[in-house]
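Each of the two complexes below includes chain A, the first together with chain B, the second together with chain C.
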Partner chain A sequence: MNIIRRELKANLKPFVFWTIGLFILSFAGMTKYLGIGAEGVDLNAISDRFPRVILALIGMTDADTRKLAGFYAVIAYFATVCVSLYSISLGFNAAARETVDKTYEFLFTKPKKRSRILSAKLGAALIFITLFNILNCVFPLAASSVLGYKENIIREVALFCAAAYLVSLLFFSLSVLLSVVASNAEKGARRGNVLFVFAYIMGVVCDTFENPGALRLFSPLRYFTSAELLSGRFSAPYSALCVLLIAACTLLAFRFFERKDLTAV
Partner chain B sequence: MNILRFEIRNQLKTAAVWTVASVLIIIVFMRGVYPFFLEGYGEIKKIIASFPKEFAGALGLEMAVLFSFEGFYGFGSFYVFVFGAISAASLAISVFAREKRAKCLDFILTKPRSRRNIFAVKLLSVLLVLAAANIVYIAVSMLVYSLNGGKDGRFFLAACALFFTQLMFMSAGVFASVFMKRIRSVSGTAAAIGFGAFALTALSNILEDVYPDYFYAPLKYFDPSKLFMNGSFGAKYVFCALVIITVSLGASFFRYTKGDAQSV
Partner chain C sequence: MSAVIETKKLTKFYGKSRGIVDVDLSVNEGEIFGFIGPNGAGKSTAIRTLLGLIFKTSGEARIFGMDCERENERILQNVGYLPSEVFYYDRMKAIELLNYSASFYNKDCSKRIKELSAALELDLNKRVEDMSLGNKKKVGIVQGLLHSPRLIILDEPTSGLDPLMQKTFFELIRRENARGATVLFSSHILSEVQRICDRVAIIKDGRILETKRISELQENTYKKVSFTVKPEANVNDFSVPGGSKIEISGRSVSFIYKGDCNLLLSKIGKHPILNVDITEPSLEEIFMHYYEDGGRRE
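For the complex of A and B:
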């Protein structure tokens, strides 16, 4: 319990900063919704003519921004990026903070198994990720009601947020694994961030094609696409894949952590 | 000389990767994507022509700029800027927070060198690496531009915009490393700075109808599209950038030379 409490306290400040970022993104994004367009001016007609690559870069393929739900899909994509980046930093912190702060001798000589310590740290991080994802769900709904939009998007928001939750947990477990395996902490952090950039670029590449096929496997950001979520489908195979990968990464992380040589940097 | 050599050698590999990445982005954008982009322009012009007049004028001009080679370079630059901002910040943090992270600040500060000298040499090493990377970037940009038959003299300035933006984020990185109590991870801190700047830019794009000024979005200070549309980046933004650089570097210099060195 003590470890969880300490972890919760240590992670509180970054949580507040990331929440502010997410808040700005959701609220400011939702104000931009124009609806069908004033005075017969349909800006979407222009963006429809843009090549897919450009739309892929701004996360707008397959989303009909004339409808509130489609517009929300674009924001949800950036929110997923935000949630994933936050999860990666939490994963790194859970696995490597004691090494970086050079306090590992203090903690790991306590009469607690390493696996107990790691699970306490992961548990604390999980609480923050869950909270963050709940906020990710609440902000757009609040924004939509504050701004007085008539369309009901509760179902879409719920689906997109569930997808974001799975994806962020995947990035979290990957980041934990990479940080545990890396010989020094900075290497682990760098690999986690590089992995994310790779996933982002692969996501853009996926969107460039009408039918990306197996390419989707390489980009967790595309396991759940806007087109599918908007039509109310929540891909079962990809959810299963997510859960499987999360379980595998976490298990491996525990195994490696048990045997890891904890040394100064 | 020792510090300079050490820091540059340590940054060389990362800097090379960043340079190759940013050059690749710009080549893919300008040689790969732009031709496709241009294909749709005819139809878009038709759509704009069907809009009400007061609307079509401004929008048509905006689209004309976006579809020109220079304007599209501005669009693609934004992505290079995000990468460049993160790389400049991470470069600065890794050089300036090295001793703090390794908890050996006393090691370097007890050498027979003034603290000013250490600060200056570290700054010089970051500047040299950034300058080298940008010379490559500018050269490739100019090459791509001339291959496309471009003649606008302002393009050189637009290609330099990355360097100016990076100078700001380098200063922010120096500031963070000197003033933050702990830097747990170089890439994590740099990514947070980059994502923050990205979110602010998104915010300014959304608010531009209400508040046209974007003082809070440093990634847009040196927007090449603005240069081609208005003829300059805008004096007030250049001034803002100068303020950011001098204030953060000045404050960091003062703190580094006068502050207490933390013991472990």
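For the complex of A and C:
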């Protein structure tokens, strides 16, 4: 408990900053829909003129932005990017922050098993990820209510947020594994970022095809597509894949961490 | 006397780089054991292997008779460690850090924290990030001792402490030792080791050259000899069996000598002596002698 408490305290400030960012993204995004509706702008007509790759970059390939749910899908895409990046940073912090800050000689010479220390750190990070994902769900609904939108998007928001939660947990576990496996903590952080950029680019590549097929496997950001989620489908195979990958990465991370030489960066 | 620390052929390589090779150590219960060698000799590697921060390549390492890797958690209940460089969580006050440290042990350490901080004149309400290196070191000393450990491992402990505080620190360590704690004291400052340790292991290039009692090292084994001859004399070709590190500067000769004192005196006596000085060498000089010998003893 002592480690969890310290981790919660240490990670509170970044959490507040990320939350402010998510709040701005959700409220500003949802407010845009109000403006577009008032001006009678047809975003679909505008977006049809753009090349598909540009739409893929901003997650607009299969969203009907004339409807609130479709418009929200675009915001949800960026929110997923946001929670994924936050999770990657939390994963790195949980697995490697002590070696980067050189405090490992303090913590890892205390009578606690390494696995228990890592569990406590991952547990604290998981609390923040879960809270962040709950807020990711609450903010658009609150914005919708505050802005007086008549359309009910509770189901869509719940599905998009559940998808974002799974994807963020996957990025989190990948980040933990990469940070643990890397001989040098900075290298681990770099690899986590490279992995996200790769996943993002692969997501764009997927979106440029009508049927990307197995390419989707390489981008967790496309495990749950807007088209599927807007039609109420939550991909069971990709959910299972996410859970499997999360479990495998976490187990491997613990295994490597148990035998890792802890040295300064 | 039972061994608190025992290593057999303990070896650690970082990839292809040498850490320590075939280190055999035996630190007895209740002693203050010095571990000396220059930077890069392998002192910290040996300590980190004992503490389970890094994993051995081969050999054996036991503390309190328990395996340092398999029973690390149990061992650390009774070990206090002060690293050579202290890094703590900056946003914490000293008292918060010490309470956090104490929370890992199943005992009330508040009284000890107060006692130790008072002895070291440590301001507990100051944030660690606002502290000088010396004060951070004091926090390190308190966190290493607050749970009254049976084994205290100190890696270059006095860096950053002013001479007065060093004196207080040594008194503190002696008191802990009198309480029954065993101390492993790693340093490259040999006068420190000389000041406090019972026995000493000399390490070079990852290997232990020798383990001896401090008194044995200083007892008649080595002499520091220097003499000056009269102006007309020539000492350029001076040599003596058992003499090493011979330095001839004009009419003055100085060297470290180990051997028969009669032979030494007869050799020197062949020259028209103006002045002669035979003293105990400092541990530093003995130590340097080891290095120049490359560890080839007896």
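One rule holds in what follows: the second predicted complex is superposed on the first by the 255 of 265 C-alpha atoms of A that agree within 3 Å, B and C clash if a C-alpha of one lies under 4 Å from a C-alpha of the other, contacts with A are read in each partner's own complex, and residues count from 1 in each chain.
The criterion applied here is as follows: a contact is a pair of C-beta atoms (placed from the backbone, for glycine too) under 8 Å apart; a residue touches a chain by one contact, two chains touch by 3 or more.
In this text the structure is predicted, and so the values were computed from the model without any measurement.
Applying the stated contact rule after C-alpha superposition, one finds that A:C82 touches chain B and leaves chain C untouched. Once chain A of one complex is fitted onto chain A of the other, the partner contacts of A:T263 are limited to chain C, with no touch recorded for chain B.
When both complexes are overlaid on chain A, the residue A:R6 reaches chain C alone and has no touch with chain B.
When the two complexes are overlaid on their common chain A, residue A:K150 makes contact with neither chain B nor chain C. Residue contacts after overlaying the shared chain place A:T109 against chain C, while chain B stays out of touching range. Of the two partners chain B and chain C, more chain A residues are in touch with B.
After overlaying the two complexes on the shared chain, residue contacts for A:N93 are found with chain B alone; chain C is out of touch.
According to the touch criterion, the shared surface of chain A, contacted by chain B in one complex and chain C in the other, consists of residues 101-102. Remark: chain A residues 17, 21, 24-25, 28-29, 31-32, 39-41, 45-46, 49-51, 53-54, 57, 78, 82, 85, 89, 92-93, 96-97, 100-102, 185-186, 189-190, 193, 265 touch chain B in the complex. Contact residues of chain C toward chain A in the complex are 14, 48, 51-55, 72-77, 79, 81, 83, 85, 87-89, 91, 100-101, 103-105, 143.
Touching chain C in their complex are the following residues of chain A: 2, 6, 10, 101-106, 108-113, 259, 261-263. Within the complex formed with chain A, the chain B residues making contact are 33, 36-37, 39-40, 43-44, 47-48, 51-52, 55, 63, 79, 101-103, 182, 184-188, 191-192, 195-196, 199, 202-203, 206-207, 264.
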